[in-house]
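For clarity, chains are labelled A, B and C in written order, and residue numbers in each chain start from 1.
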Amino acid sequence: MAGKIEVTEEMFIPAENNFQEADRISRPTISYWSDVWRRLRANKLAMTGLVLIILLCLMAIFGPYMNGFTYYEQDFTKKNLAPNAEHWFGTDASGRDLFTRAWYGARISLFIGLMAALIDFMLGVIYGGISAIRGGRTDNIMMRIAEVIYSIPYLLMVILIMVVLKPGIFPIIIAMTITGWIPMARLVRGQVLQLKENEYVQAAKVAGAKLSWTLRKHLIPNSMGPILVNVTLTIPTAIFAEATLSFLGLGIQPPQASWGSLTNDALGSILIGNFYQLAIPALLISLTMFAFNVLGDGLQDALDPKLRE
Amino acid sequence: MLKYVLHRFMWAIITLWATITITFIIMHSIPGDPFAKEGTMPESVYENLQRHYNLDKPKIVQYFFYLKQVALLDFGPSLKSKTLTVNDYIEKGFPVSFHLGAQAMIIAVFFGLILGVIASLYRKRWPDYTSMIIAIIGISVPSFVLATLLINFLAVKWSFFPVATWKSWSHTVLPSIALAMMPLAYIARLMRTSMIEVLNQDYILTAKAKGLRKNAVIIKHAIRNALMPVVTILGILTANVVTGSFVIEHIFGIPGIGEMFVKGIMNRDYPVILGSTVFYSAILIFLIFIVDVVYTWIDPRIKVTGASK
Amino acid sequence: MGKLLEVKNLRIDFKTYGGEVHAVRGVNFEVKQGETIGIVGESGCGKSVTAKAIMKLLASPPARYKEGSITFNGKNLIEASEREMERIRGNEISMIFQDPMTSLNPTSKVGVQIMESVLKHNQISRKKAYNHALETLQLVGIPQPEKRMEQYPHEFSGGMRQRAMIAMALVCQPKLLIADEPTTALDVTIQAQILELMKDIQKQSETAIILITHDLGVVAEICDRVVVMYAGKVVESGTVLEIFQNPEHPYTKGLLKSVPRFDMDKSVPLSPIIGSPPDLFSPPKGCSFYPRCDYAMKICKDHDPEPEDVGNGQITACWLQHSMAKVMNTHTATNVGGGTKR
C-alpha cells in the first residue's frame, strides 16, 4: 500500500502536464536509404561480400600489371612452376605467369558479369515496363512469350548459341542476355503493376503529391529494392555461366584467360600433382560467387521494409 | 483439376514447340548445311542423307519435316559415327544420365530438407550456422570446381573413390555429390526461410494451444506447409541438375547424354547437338509439368481455384 | 464459486535488439469457476501477452517470466513442466485467437484439426473422436457438419472459421477458455453472431471465459467482471456494473468517454484520450498514465500508485483514491476542473 513512501500534502497538487510530450514519437525518423545502409552495414556477412568485391575489382584493374609479366607470354623453360618469388601463383603448362593470368581472368569474368547484368536490367526494364504500362492484351501476349522463352533451359540455350557464334567476350555476353533478361522483365512488370494499383500511390495522388515526389518517395524505394537485389544476383549467375562455357571450351579462348578456362586447363595438371593451378582459379571464382551472393542476400534483408524495426 | 492439368499440358507442348523452333533456327543459321563436313562421308551417303532429311528442299519445308521427325522421335544419324544414330546414343546414354540425375536429386532433396529444418529449429545457434555455411558453399562453389576438388582429394590423393568413368556404385558417388551440392544448398535455404515463416504463423500457435507435443506440431503442421514453396522450385532445380550434368559427365567421363552433348559440340556434330537439345528440353518441360501438377495435388488451396476456372 | 485461476504479480520481459521490453509489469487478477471476465486496454498494453502467458505459449527466449505466479486449479503453471502443460493445453485451458483466417492450418481438413485435440487428450478410437468432433461442430452452429468436417479452411467463411476455432477449443470441455479478441477481425454482423454463440456456451457449460478485447461494448454484453490494463499493469478491476457506472481510474473514465453509446446526448462530443501509451523499453517511474492524465498530481510523476479496494470489490490503482488527495481535491476543485477541459 501507499505506506511505503512519505506522502506530503503538496504532492497532491495538480501537476503541470505537457500533453505534447505524451504524443512525441520517441525514435527519430531516418531516411529510407540511410536506413537500408545502416542495416546493410550491421550485416557482417554482406559487408564481407562488399569488401571482397571491392578488392576483387581493384585486383582485376591493377593485378595484371603488378609483376611485369603478360597473360600471353610463354616461357617453355619455366613450365608448371610452383608459386615462387618470381611467379607468385606459379606458371601453367605453357610457362605463362598464373598471377597475371588469374587477374586478367578476373577482369574478363567481372566484365562479363557486370555487362550481362546491365544489359539484362535494361532489356528487362524496357520489356517489363512496356508490358505493364500497356496492360491488357499486350501485357498478356508479351508475358506469355516471356514465359515460353523462360521455360527453355537457360544454360542449354547459351551453349547452343555459343556453338553458332565465334568464341569471345561479346558473343558470350550476347548468348547470356538473349534469354537472361526474362526474370528481370517479369520482376519489373510486377513492380510497375503493383505501383499502379498501390493504395499509397493512389493516396499520394489524391493528396496532390507531385509526380517527382511520388517517384522519389514511393516508386524508387519500393521498386528499386527487389530490382537491385536481382541485378546483384544476376552477376554471379553470369560469371558462373561464363565459367561453365569456358570450362567446356566454348567461352574464352587461349591465350586469353578466364577463371573457367583456367580451371579447365588445370584439370589435367591435378593428375601430375600441380594442385595450385586448380586451387587458384577455383578459389577466386568461389570467392566471387560467395561475395555477390551474400551481398545480394544482405541487400534483400536490408531492403525488406517488413523487417524494419 | 483435370482442366488445370490439360491447360498446363497445352503450355508444355507450346513451350516444347518453341524450343524446337528456336533450336532449329539457331542450328540452321550456321552457314552451309549440317552434313557438309569435308570428306568424312562418301558421296552416296551424303546424297542419301540429303534426300532422306530433305536438305535439298526450302528451309520452311525442312522445318516441317523436322517437326514431323521429332514427333516420331527420330533424331537422325550422327556425323561422327557411321553406324550409330542419335537415337542409339540417347538409348545408351539416357539410363546413365537418369541414374546420375535421380541420385543427385535424391541427395539434394533429402539432405537439403534436413539441413533446412534443423537450421530453422535451432535458429541463430550452431546447427543453423553450420547448415547455412554448407548452403553458402553449395551456392558459391560451381559444380565443376567442386567436382575437380573432389577428384583431387577423394580420388587422386586419398583414393577413396575411383577418379572417373561409370562402372560400379562407387563410381557414382563423387559425380552425384558434385551435382547435388547446388540444389541441396538452394533447398536448404528455402526450407529454412519457409519453416521460419510457417513457425511464426497463427496456426502453429493454435496447434500448440491444443496441447500437441512440439515434435507433432513441427511434423504435422509446420513441415507440410513449409514444403509448399520448396515443391515449386523443384522444377527449376531439376533443370539445373540436368544442365549441370553435362559438365559433370564431361569431367568424370560418364557416358550419358550430357557427355554426348559436349562431345557433339566439340566435334561440331550438329544432329547430335540438335537431338540432345530437343531431348533435354522435352525431359525438362515434362518434369516441370509434373512438378506443377504435383503441387496442385498436394496444396488444397490451389486445387479449388484450378477447378473453378 | 471456487477460484479457478489466480494471476499474482505477473511480470514478463521480452529480450529484443533494442533492449528489454517490460511487457507485463505486475498483473493481478482472478477468475472464478464459470465466470466470464473481460480484459480491456489499448493495443500493446500487455493483455495478449498475459493471455498467452497463462497457456505458457510465449516463446522463451525472447520472453522471460520474471516474477509472480499463475495458479490454475491449485497448481502454479509457471513451474509446470512442458509435459504437464501439454496435458493442460486444449484440455483444461484452451484458447481462440483473433484472426480466424490465419489460425487454421490451410493444408489440413477442419475435421482432422478438431479431432487432433480429442485424440491427444482422450484414449478413444478415431470413430468416437470423429463423432465427438461432429457433435461439437453442430453445437457451435455449423450447418452440414458431416460435409464441413471434410473441407479445408479456405472453404469456410470468416465467421464459420471462427466457429470452427471455437469448436476446436471446446471439444475437450475445458474449464477455462481464453478468447483473444475473437471478434476483432470479423464483420459487425458476424461479430454479433459469435458473441451470441459465446453467451450460449456460457449458459450451457461450466466453462469460465477470459475475453480479451479493446471493445467495451463486447465487455458490457457478456462479461461478469472487467480488468482494465494499461502499460503492462492492471489499473482498475471490478464488476461490469461498477466499472461502467462508477469508474474511478482516469484511464477507465477516458476509455468509457471515447466510446460512442446509444444513450448518449449527441451534442456531447466524444473525447479521445490524448497521446499514446508509454514506451515499455523504459517504463516511467511513477504512474504510467501520468503524461496523459487530466487529473495528474505531483506525486504521480515519481511514485507508482498501489492498487486499493475502493468498495464493492472494485480495485483501483490511482493516487486520487488516497485520503489526502480527496482532501486536496476539494480545496483545488477549480484547478481540476480546468484540467479536464484540455
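Observations on the structure shown:
Definition applied: a contact is a pair of C-beta atoms (placed from the backbone, for glycine too) under 8 Å apart; a residue touches a chain by one contact, two chains touch by 3 or more.
This structure is a prediction, so every number in the text was calculated from the model and none was measured.
Among the chains, the centre nearest to the mean of all shown protein C-alpha atoms is found for A. For subunit B, the chain with the farthest CA centroid is C. Subunit A and subunit B have CA centres that are 25 Å apart. Work out the mean CA point of subunit B and of subunit C, and you get 54 Å between them. Distance between subunit A and subunit C, defined via averaged C-alpha coordinates, is recorded as 49 Å.
Looking at the complex, you find that subunit C touches subunit A at residues 17-18, 274-276, 279, 290-293, 295-301, 303, 305-306, 308, 319, 322, 324-325, 327-329, 332, 335-336, 339, 342. Across the complex, subunit C is touched by residues 1-2, 5, 7, 9-15, 17-19, 21-23, 26, 309 of subunit A. Within the complex formed with subunit A, the residues of subunit B that make contact are 11, 14-15, 18-19, 22-23, 26-27, 29-30, 136-137, 139-142, 144-145, 148-149, 151-152, 156, 163, 239, 242-244, 246-247, 250-251, 262, 265-266, 268, 273, 277, 280-281, 284-285, 288.
Considering their complex, residues 147-149, 151-157, 159-161, 163-164, 240, 243-244, 247-250, 260, 263, 266-267, 270-271, 275, 278, 282, 285-287, 289-290, 293-294 of subunit A touch subunit B. Residues of subunit C touching subunit B in their complex: 55, 57, 82, 85-91, 94-95, 97, 99, 102-108, 113, 116-117, 120-121, 152, 154-155, 165, 168-169.
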